[in-house]
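Structure provided below as C-alpha cells; questions to follow.
A, B, C and D are the chain letters, set down in written order, and residue numbers restart from 1 in every chain.
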C-alpha cells in the first residue's frame, strides 16, 4: 500500500503532538495534523491560531488562517497584540508549526527572499508570525516536501531561528523556546542531534536512505538505527478524508 | 453628533496623496470598498501599511496608488503569492519596509499608546533585524539583557470596518479583532465603515463590545458588504473562490486592468459592486445565524 | 478538563506563606471571599500587590497576613483612608512599594507579556520616581529622549473573580475589567472564582467575551457573592454602607478584631457569610436586569 | 443670598468645561461639575472614568470611581492599561480634574505623604492616576477648599506636576499637557500667570482679597483686576440638588 506525500506528512506530524499541548496552528497540513491528533490520541489539544483564536472547534476545514469557522464556537478570541505577547512571548505555547522555502542544516528557516534582500530574485511572503514562533514556542515542528532546493546547507536569509550555527549558539542567544524538534517530510523525519544538526532519524516505509540523501542539500547524516515510521492507519486516513478534508483540498 | 457621510466623501476628505494609510483587519473585516474608492479617486504615492497586505493592497498597488508598502506577510492567504506586489518589489518599482507580525503590531501598539517605541524579546533570527534599520535595541535596565525595539507607527488615516456602529462612531466588533483598535488609536484620522448603523442604545446595551469610541472617529460610512471578498463575522462568508480567482487574474497585467475597469472603475460604489456580483454569489456567501448568549449589565 | 474545587482547597493548594498575591479588580469583582479564606487559613508574610488595596487588603493586613504591600492608591474609595494599612505604614510595621496607577498596571502588562519591563512617557513629577528605585529610565533609540520604565510583576498567584466561567476555567467578564486579564496572565498560578459555573456552550457562544482562557487557570471555584462589599456587574450592587462602616470599625483595633472574629473566623465560607448578611442586605443589593443586545457569530 | 462652599466650587468648575471636551472625571465634586456642565452649556461633554468607562451616563450619583451605574448605558468600557495608554498617554484627554492634600505656588500637588517619604508622618493615598493626568491631559483643574495648610509655598512631596519651578521648567520637561489652568476654591479662583505662579484672578461674591491671602501659604498675588464670579443660578442649583445629588451626599 502506498500513501500520498500529504498523508504521510500529516499523519506523522499528528503523532508528534501530545495530549494537552497548546499548539499554534497554521492552515494547511498543520491544521489537518492538529485536528487529526485531537480526534485520535490528543483530545485535550488546545488549538491557537495567530489570528487570535483560542480553542477553535472548526465545523468545516478552514481555508485561511482567519476563516470565520475558527471563531464560531471557539473558547476565546483576542487581539493580535495579545496573541503574540500574552500567549507566545509569555511562554504559553507548547508547539509551533513552521514552514518555509528553505530549511538549512541547523533548522534555520527562510521565508523571506531568494537572493539578495535589497534586490530580491524571488520575493517570498516574509516572516508573518514565524520569527516569534520559532523563538518562543517550546517545541517547533516543520512540515515540508523533501527537495534539495528546500534543504540548502545554509539559508539565503534567516527568517526564523533554528539552532543558528549550532545548539550552543541558540542557547547563548537566550531565546526561551527549544527550537525545531523534528522536520517531517514526504520521505521521513529529520531531528536535531546534540549539536543541533538535522540528521535522518526515520524513513517512511519503502523509502531508502539514499533517496533522503539525494534530496538534501547538505551531507545528510544519521546516528545509529533509522526507524521506519508506522504507516498511516485506516482510521487515520478515514478521519482525514471523510471528516477533515472531504473535498481533498490539501490531501489531493 | 452624527458623522455619517458617504464613503466617497470620507475618502475625499481624509485620504490625501502621499499619506500613510492603514486599512485594518487580519483576514477579517478588510475594508475592500474603501480601497476601491481610493483607486477610483486616483490617489497616488500612498504608503500602504498593513500586517498582511492581502488582495486589497495588491489591487491598490496594481492601480498605481502606492509608492511604498509596510508589511509583515505579503501572501494571498490560503492561496500563495500576491503577484502584483511581489513583481513590483522584485522589479525595484516599489519601496518596502518589513517586520514580523509582532513587530508590525508592536509598532501600532506604540503608536496607539502615545509611546515612541515598543520593546520585544529578541528572537535570535537576526537577518530581518539587520536588514531594517528601524529595528533597534535597548538594554533592559533590570537584567542588563537587550530587548529589540520598533518605532511607533502613526498613520495619517486608518480605515476600519465594523459590524455595527452608531452615527457618532461608537463601534461594536466581534470575531477576529486583529489590530482594529490599535490602528484606530494610532492614526490621526479614522474612517469607520459599518455593515449596520444602529441606534446608540444598541451600542450602549453592551459597552464592553465597543472597541472604538466615537471621539477618535472622523467619518462613519454605512457600507454593507464592504469587506468582500474577505468577510464580516455573522454577516457573510469569506469568498474563497475570489481569492483563488485573483491568483489567476494577476497572471497578466492586462487581465488585472480589465478587472479594475470592470469591478472598480465600472461601478459607482459598493452597493453597485455587490449587486453586480449577483444572486449566486450572494447565496453562496450567506450564513445562518448563531447568536451570542446575552449578558446582564444590571439597571443600576 | 474540570478544575472545579472549593475555594478552601484552592487557597490551600496555591497560596503559600511569603507568596506575592494579586487579588485583581479595580473597584469591581474584588475577590473578598478569597481574602477571607486566606485569613482563615492563617497565611503569613504575604506580599499583597494591587493597584488599589481597597478593604480586602486592609482586612488582610489587619489579620496579620502581610509583610508588604505594593500599590498605587491606598484609599477607601469614595470614603477616605484605609486606616489599618495607613497606621501600619506610619508605624513602620509594614513594608511598601509604590507606583502610580499606570506604573502598577504597566508592571502587570510587562509580566503578562513576558517582557522584562514596560516603558512609559515621563510625567515630570519626579518624587515618586526618585523614591522608588524600581522606576528606571532608558533612552528611546529613535528620538534620544528618555522614557521611564517599571519592571515586570509576576505574582505567584492571581485571584480573579468573574461573572461566569465553565468548569475548565474559560471566563466571561463584563463591566469594569480593570487589570483582570493582565493579572491572570502575569501570575504563575490563577485561582478563578465565579458567580456562575456555566456549560461551555455558553462561553463558546461568545468567544470575544472570554478574557481568561482555561489553560492559564489552575482552580475554578463557584463562589456566589464573592465580591461583597464590592460588586459584580449585573449580579448585585456595591454595598456602599459597608465601605462607610469599615471606616468606623477601623477606628479601633478591638473593633477590627471583633469584626474579623464575627465575619471571617465566625463563618465557614462565603455562603455562610452571605446568609449571615441577611435579607435586608440581600434586598438592598439586588439589581433589576438590563440585558445586552446579542450579536450574530454565524453558523459557519 | 449665600452659597455653600461645595455649591460655589462645583458651579464654577462646571463653567470651565467646554462643549465637546473629553474629561477624565473623578468622583465627588468633579463628577457633579461635569454632569452639571453636560446638562447646561456642554451637552457634548464626553466623560471618561479612570476605571475604564467612556461616555458614562450614570442614572444615579456614582459613589465611587467604579460604581456600576457608570457602566450600564456607557459608550465603551476598556481595561485600565488602555485607559492610561490609549486615552491619556496618547493625548486623547482634554481635561483632567485633580485634588490633593497640598497644592503649591506653582500648582504642584502632593497626594502622597506629609513629612518624610520613608518615615511618613501622615501617609496619604498616593498618586492613583493623578501623576499621569497632571502630565498628559491638555488642561487640568483643581477643586479644593481654600486653607493655608493646603496651599504651602512648596509641597512636601511632588506627586503630580504643576509647573514644577515655573512654566519654563515644565516646558523643558517635554510633558505634553498644558498643566493646571485653574484652582477653584470656596473663596475664588487662582490661575497661573506667565511664570506659572498661581495668582488670584477671581473671587466669589462677598469674598475679600484679604480672606484669600490669609488662607494661602505663600504671598498670594494678583495682576490687574480681580473678577467677581457670577453667583450660581437658580437653574444650576436646581439641577445640582434635584437631579444630581438629591440626597445631599456631596453638597451637604
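Convention: a residue touches a chain if its C-beta (ideal position, glycine included) is under 8 Å from a C-beta of that chain, and two chains touch if they have at least 3 such contacts.
None of these values were measured; they are calculated from a predicted model.
Any chain bridging chain A and chain C, meaning touching each of them, is among B; the list is complete. Contact count check for B-D and A-B (C-beta pairs in contact): higher for A-B. Chain centres here are means of the Cα atoms, and by that rule the chain farthest away from chain B is D. Averaging Cα coordinates per chain places chain A and chain D 57 Å apart.
Centroids built from CA atoms put chain D at 40 Å from chain B. Centre-to-centre, using mean CA coordinates, chain B is 37 Å away from chain C. Chain centres here are Cα averages; for chain A and chain B they lie 28 Å apart. Residue positions of chain C touching 2 or more other chains: 114-115, 120-121, 145, 174-175, 177, 181, 205, 208, 233, 237, 287, 290, 297-300. Chain D has residues 53, 67-68, 71-73, 77, 85, 89, 136 in contact with two or more other chains. The touch graph of these protein chains has some other shape, matching none of line, ring, star or complete.
Taken together, the chains touch in the following pairs: A-B, A-C, B-C, B-D, C-D. Residue ranges of chain B in contact with chain D, taken from their complex: 1, 112-115, 170, 181, 185, 200, 203-204, 207-208, 210-211, 213-216, 297-300. Residue ranges on chain B touching chain A, taken from their complex, read 26-28, 51-52, 71-75, 77-78, 81, 86, 89-90, 92, 98-103, 105-106, 108-109, 120-128, 131, 145, 174-179, 181-182, 230-231, 233, 237-238, 240, 243, 287, 290. Only residues 27, 50-53, 63-68, 70-73, 77-81, 84-85, 88-89, 108, 112, 117-123, 125-132, 134-136, 157-161, 164, 170, 173-176 of chain D touch chain C when the two sit together in their complex.
Listed in rising order, the residues of chain A touching chain C in the complex are 22, 44, 46, 53-55, 57, 59-60, 67-69, 71-77, 85-86, 89-92, 136. The residues of chain B lying in touch with chain C in their complex are 114-121, 136-143, 145, 147, 149, 151, 163, 172, 174-175, 177, 202, 205-206, 208-209, 233-235, 237, 287-300.
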